[in-house]
Amino acid sequence: MIRFLRQRCSQAVVVLLLVSVIVFGLLHLLPGGPARAILGTHATPTNIAAFNQQNGLNSPVPVQYWHWLTGVLSGNLGFSYVQNESVSSLLAQRLPKTALLAGVSVLLAVLIAVPVGFFQAVRRHRAGDYVVTTVALVLYSTPAFWVGILLIDVLAVRLRVFPAEAPQGSFSALISDPQALVLPVLTITLVTVAGFSRYIRSSVLDELAQDYVRMARSKGASRRVILFGHVLRNAAGPVVTLLGLSLPFIVSGTLITEYVFNYPGIGLLAFDAATSQDYPVILGVVIVVGAATVVGSLLADITHAILDPRVRASAGIG
Amino acid sequence: MRHSLRLGLAAAAVATATLVATACTSSGGGTGSPGSSATGKAVSGGTATYAEPPGTTPNYIFPMLTAAYYSVANIEQFQRLSFRSLYWIGNAQGQPVVDPSMSLAALPVYSKNDSVVTITLGNYKWSDGEPVTTRDVAFWINLLKANKTSFAAYIPGEFPDNLKSYKIVNAKTIVLTLNGSYNPTWFTYDQLSQITPLPTQAWDKTSASGKAGNYDETTSGAKAVFNFLTAQSKDIATYGTNPLWKTVDGPWTLASYQSGGYAKFEANPAYAGPTRPKLKYFVEQPFTSDTAELNVLRSGNSIDYGYLPTQESSQSGVLSSQGYTTSPWLGWGTTYFLMNFNNPQTGPLIGQAYLRQAMQSLIDQNSFLAGPLKGYGSTNYGPVPVKPSNPYSDSYEAKGPWPYSPSTAVKLLKSNGWTVNPNGASTCTSPGTGAGQCGKGIAAGTKLSFTLAYASGTEFVSQEMQALKSDFSQAGIQVNLSSEPFDSIISLLTPCTSSQSSCSWQMLNYGGGWTYGVDPYPTGDQLFETGSGSNSSNYSSPQANALIQATVHGTVGLTNYENYLAQQAPVLWMPQPDYQISEISNKLQGTSPQSPIESLTPENWYFTQ
Amino acid sequence: MSPENVASVLGPEQSTAEAEAEATAGGVWLRAFVRNRLAVTGLVVIVALLLLSFVGPLFYHTDQVHTRLGMETLAPGAGRPLGTDDVGYDELGRLMVGGQTMLEVAFGAAAVAVVLGVLWGATAGYFGGLLDALMMRIVDALLAIPAILLLLFLATVFRPSVLMLIIVVGVTAWLVPARLIRAEALSLRSREYVLAAKTMGVRSPTIIFRHIITNSLGTILVNATLQVADAILLVAALSFLGLGVAPPATNWGAMLSDGLNYTYSGFWWLTYPPGIAIVLTVLAFNVVGDGLRDAFGLDTRRG
Amino acid sequence: MNAPATRRREEQPAAAPVLQVSGLDVDIRLPSAVVHAVQDVSLEVWAGETVGVVGESGCGKSTLGLALAGLLPPEAETRGSIRQDGRELVGLRERELRGIRGAEVGIVFQDPMTSLNPTKRIGAQVGEALRLQRGASKAAALRAAADMLDRVGLPRPREQLDRFPHELSGGMRQRVVIASALICEPRVLVADEPTTALDVTTQAQILELFDGLSAELGMATLLVTHDMGVVAGHANRVFVMYAGREAETGATETIFETPRHRYTGALLGSILRMETPRKSRLGTIPGRPPDLTAPGTGCPFAPRCTAASGECTSQLPAASEEDGHRWSCYHPLDAQETKRIPEAQR
């Protein structure tokens, strides 16, 4: 296990470094380079030249990278001239809100998708499976923003059950108004459940086809014992891995949902930043989400290893 | 999405969207002003929530702001709630004129052939109990003199460059000596209205822990104070708590603020103006999109003062049954889009007045008004709009010299050496500079084809541009559209010469025009004078320059200037959309009139039972 | 029931018999696919949408160049089966034009993604070792960045056009195929015929193309199908965020989000046709992809 | 744990077989076709006796094993009769079958690598049947598991309880599988290719273990295999299956010395071509087993049989019987032909 952890963690560090290289590369991809990114679109060529001089942007690229990286590691993600605030402070305000939205949605998605996926697998190729599969596929195929707007149209405007907008203001205002979280959470959950349940269905089907399931049956285990005593834990491994890997997709869904519901999280931050060409913010979000994903998949792998002793044993895979 | 940005001059001048007239013919503030039909008893207290349209969120509190932050959202709808300027634009009839009762000072007195100005302050107080004095005016002037290039509204040659000296006569009277004679209207409206007295006793310092002094009296001290206040203003997270921003002379104090533009104001009990706030709180809430705002409006009552996206204006009836009143808000400005006179390929074409006039004749303003704008706007054929009602516009602009007429356009082209090729590209078949020929710099075979980049995100702008492309094809003028985010469009807006790569754009429409906020007296000295900072299309006409100078230095009216520019079409005039179609809760009263310079005065608002 | 499911139910014996029976008939996967009614329906839907978009305009002529203000947002009626849009274009004609853009971008992006991913994955998996580790860490790093963020960034740097969308979406979507093909290549490279080719001195690129890629065709085809579906959703999301193609060009995503501006005005013909077109297309490609995967007998959890 | 087993044994009249199968048909419905996997099979196994079921891949022998253990998939349709100690198993509901599986009928599968749940500890897996069938406590189940692991010859059984399957070698795992199948001391044990995945030495050890246990517990053991060598050493009787049907059955010596069915002969003959008989696979008989979805009317082996005549392809041969030796063939092998099968194989 120790060896596994060491190996997996060093892998994660390499990936994180590569993420930083990519972000740094993006910074340099911009017309006008990092100076334009940092000073904003209103910067004149003179401003840019002065900035480059001042910040050593005329030095060799590796040196620049090192400076930038040490800056990022010490929490300096730059300043947003558009928002008039440092990127790290913006992220600090917005990140908890997105974490809440995505966290609740994903938790809910898992809580729904696991039984649904199990149900589908057990009822494979019967009416119940077909109905659920169809619903899941249709949801999966519908653009998230449309799902959100249809929900608003029906539940907020016509029936007036839930507010059409996420709570504004501080984080505490957010959690003090759980009603207003319902629709955004529901949107992400619906879109996510669709993908998750399909995956869990296959995952459980794969497990059900395993010899050990037949072996358990041969010992007189009931379906319940087989599902919960045997299959659950084995199917959980891939599901946990899926969770780790789907973080970026969930962030994408969250971005759209935040836009639809006017939810002040990092997705909205990134969107505003993109439309106002506020590059320090976009790149800040990219690096934070990237890091979160890497850490997320690391945690997922560790959890997988805890669930599945084989993984622990075969450290050094892939 | 309306972008009520007013960008200043320094980097990329230009202002934008909004304004004016309404299709509705009612007087003043449009239809059904809620204030006029009070339905219940006024109560004090409560929180009124105002919806900020996308892209109009405040994020800068120090009133002496740089170009990047220079916007209606920051000035008129944020800073002015707490920090009042010497002269308040917008009277009780919703006209863009000074309202002395709301101003910190009485109307100035001009003497010595309009070269000396005497200003007398009224009895206003800071929230810490100190009176607002001429020292506070001098504080602003000192800061500005030392840091003028950092102030977005600064124009070389204008204030404070045109100020020779000032003299504090007493706590209430200050005398400004100018470097020449100026049109008093212009000077009051376009120069003095920018002066915002600042609390010397609280802000004249160089560090948060330092004591306030008289640092501003030296240039280096003034720079240090400016840098300190600017740095504080960049610490957005402390807006709600920083004691600096709690010393206000306006009716509202910022109580809390979230990045992204959420602002909560608390009534300032010490406000000494004509109307004290009845509401306890005033909240500005940002929205990502028009749809998001409408969703909220449709689904409940959390917005007291919102707006209807133009394309959904048919929802007015439904909202009215939900307890909202529709009230078009007319802004003071003009709408147009730009053609680049210095573009190496198309500059010579744009330089020809007949071609600009032909294009102006192809803009079907009435269709645009009836279609994309759903009637919420008015035709606009020149730099000075007809609406809201104002003392400056001329009847010539009411119909304009170039109303929609494809046949006029075709005639203009044919009579100037072009072979018109409808649905294709017309070609120049008679080059040369003589009468009836294409004109200077236009070779035989030149085709009429332009690229037009417009700001994405506003439904009616996108509709107008698609229709315009279609209409232009009737005279064989090809327009290739591309839509880009607002900010990337305005980043191109800077005067350029044909050799610069930044001059590669041919036509640009950021979806607005000019809001007369900095310059409520609409002289055009910033827009159409050769070389002026916001003359982004690089228009240059000696005759226009002369007409503009006459409005600034003389006492001549605006008529000659505005009519000449309407006729010349240095930009393509577009119908003027209303600033917004406000939807105001029937419970919220006192909201009329809506300010022509788009400021908010929630101190006049109150809830009824 | 798919063959591998039969196999799992029956254990080794019958599945062998079954598989052998099928093998004798030839065209194993084609037969299995055709037997999957859902997948065939999906294929029919795709063909129908392609015909609608690319062949439809030949029979149903509409003016998609000149706007008709005054004729905007008209409800469906005689001569305009789906009404008109917000500048007076015929909505059905618009649906065809938008479908062309959407499908071009989706197919193009899927092609870019698959080609890039296959080359990358096959190379990494075939050579293995340090090169593989490095190449796959790069994939991991890129996967950690949400595609939509990357797209938001790229879309502000490059102007939106069909080609730009193809490249940008393709460039963010190649990671999954890269991973899949790499896994295939890892297992294929130790096969006897690959080893034999190696000892005979066949050059690596040749082996990668002839053996690794050829033998991964099933995986590639399945993934390409799913890539098309994902690209459509991504383009729709981008259009919603205002980063689609410029008018008068359009795509279903842009039409849908334009229509959503009129949600409360009740102009259903502006949202449902493009919306349903998107859902149907994505659904069809997913179903076909699943069908192919079953037909090829691939691991259900991959791709 | 011995008490209930002993009681059961006393109740059974020694004169009756533990397992009695008669006229068993198993059809498996696929969307495209019906596989007639087992057709008209009858056989008996007595307490302490081991019957070897042999045949090529696809001959239905594993399906037979699954049918006996009540583990057929829902797609399968069973007709005929399977009696265990006189109780009819065909037609029982899933719930009732559950009480028999593991308790009365144990099964050991081919691959010990996959037959164990990778995420459960050995002790829990071995003791599972006891907990399910007898409601034993966790501790009691673990104790019994350790005993059973000891009996199947796993070294240091107590230490193994907390280990995971991947920590064990293949042979050890198969012992674990056997232990978990036998923990309730079932009356019938179906061993489906129990040694195929193991190396030769381990194979021998495991098979000896079976011999010992079936005698010790008085089980009726069905040893399903394709390996004639395995059958030769470890089965009392042999049941040769072809295309889902009985081809020939009888005492092991009889089958090996005087096989009558030509398929049996071919099976025995095929061994000699292999250098190491124990590793022999049956795929070396020319031709292919028939398609079980469309059985013909004649002898299923006819297409591959060198002696096939017209009647072979038109009608199923009736069974002939002689001292418990039964075969279905129109042209049974005679003594001359039998002699050509080398002595080493008999």
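Each chain carries a letter (A, B, C and D) given by its place in the written order, and its residues are counted from 1.
Quick note on the criterion: a contact is a pair of C-beta atoms (placed from the backbone, for glycine too) under 8 Å apart; a residue touches a chain by one contact, two chains touch by 3 or more.
Computed from a predicted structure; not experimentally measured.
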Chain occupying the middle, per Cα centroid: A
Furthest chain, CA centroid comparison against chain A: D
Pair joined by more contacting C-beta pairs (A-D or A-B): A-B
Distance between chain centroids, defined by C-alpha means - chain A, chain D (Å): 51
Averaged-CA centre spacing for the pair chain B and chain A, given as whole angstrom: 41
Averaged-CA centre spacing for the pair chain C and chain B, given as whole angstrom: 47
For chain B paired with chain D, centre-to-centre distance based on mean C-alpha positions, whole Å: 90
Contacts with 2+ other chains: residues of chain B: 291, 298, 457, 485, 488
Numbers and ranges of chain A residues touching at least 2 other chains: 149, 157, 259, 271, 274-275, 277
Numbers and ranges of chain D residues touching at least 2 other chains: none
Of all residues in chain A, those that touch chain B in their complex: 40-44, 79, 81-85, 89-90, 93-94, 149, 152, 156-157, 160, 163-165, 168-170, 258-262, 264, 268-269, 271-272, 274-277
Residues of chain C that touch chain B when the two form their complex: 65-67, 69-70, 72, 86-87, 156, 159-160, 242, 246-248, 258, 260-265
Contacting residues of chain B [partner chain C, same complex]: 290-291, 294, 298, 309, 311-312, 314-315, 318, 364, 367-368, 370-372, 423, 456-457, 459, 462-463, 465-467, 469-471, 473, 481-485, 488
Complex contacts: residues of chain A adjacent to chain D: 210-212, 214-222, 225, 230, 233-234, 237, 307-310, 313
List of chain A residues in touch with chain C within their complex: 11, 14-16, 18-19, 21-22, 26, 29-31, 124-125, 137-138, 140-146, 149, 153, 157, 199, 202-203, 205-206, 208-209, 238, 245, 247-249, 251-252, 255-256, 259, 270-271, 274-275, 277, 279, 282-283, 285-286, 289-291, 293-294, 297, 318
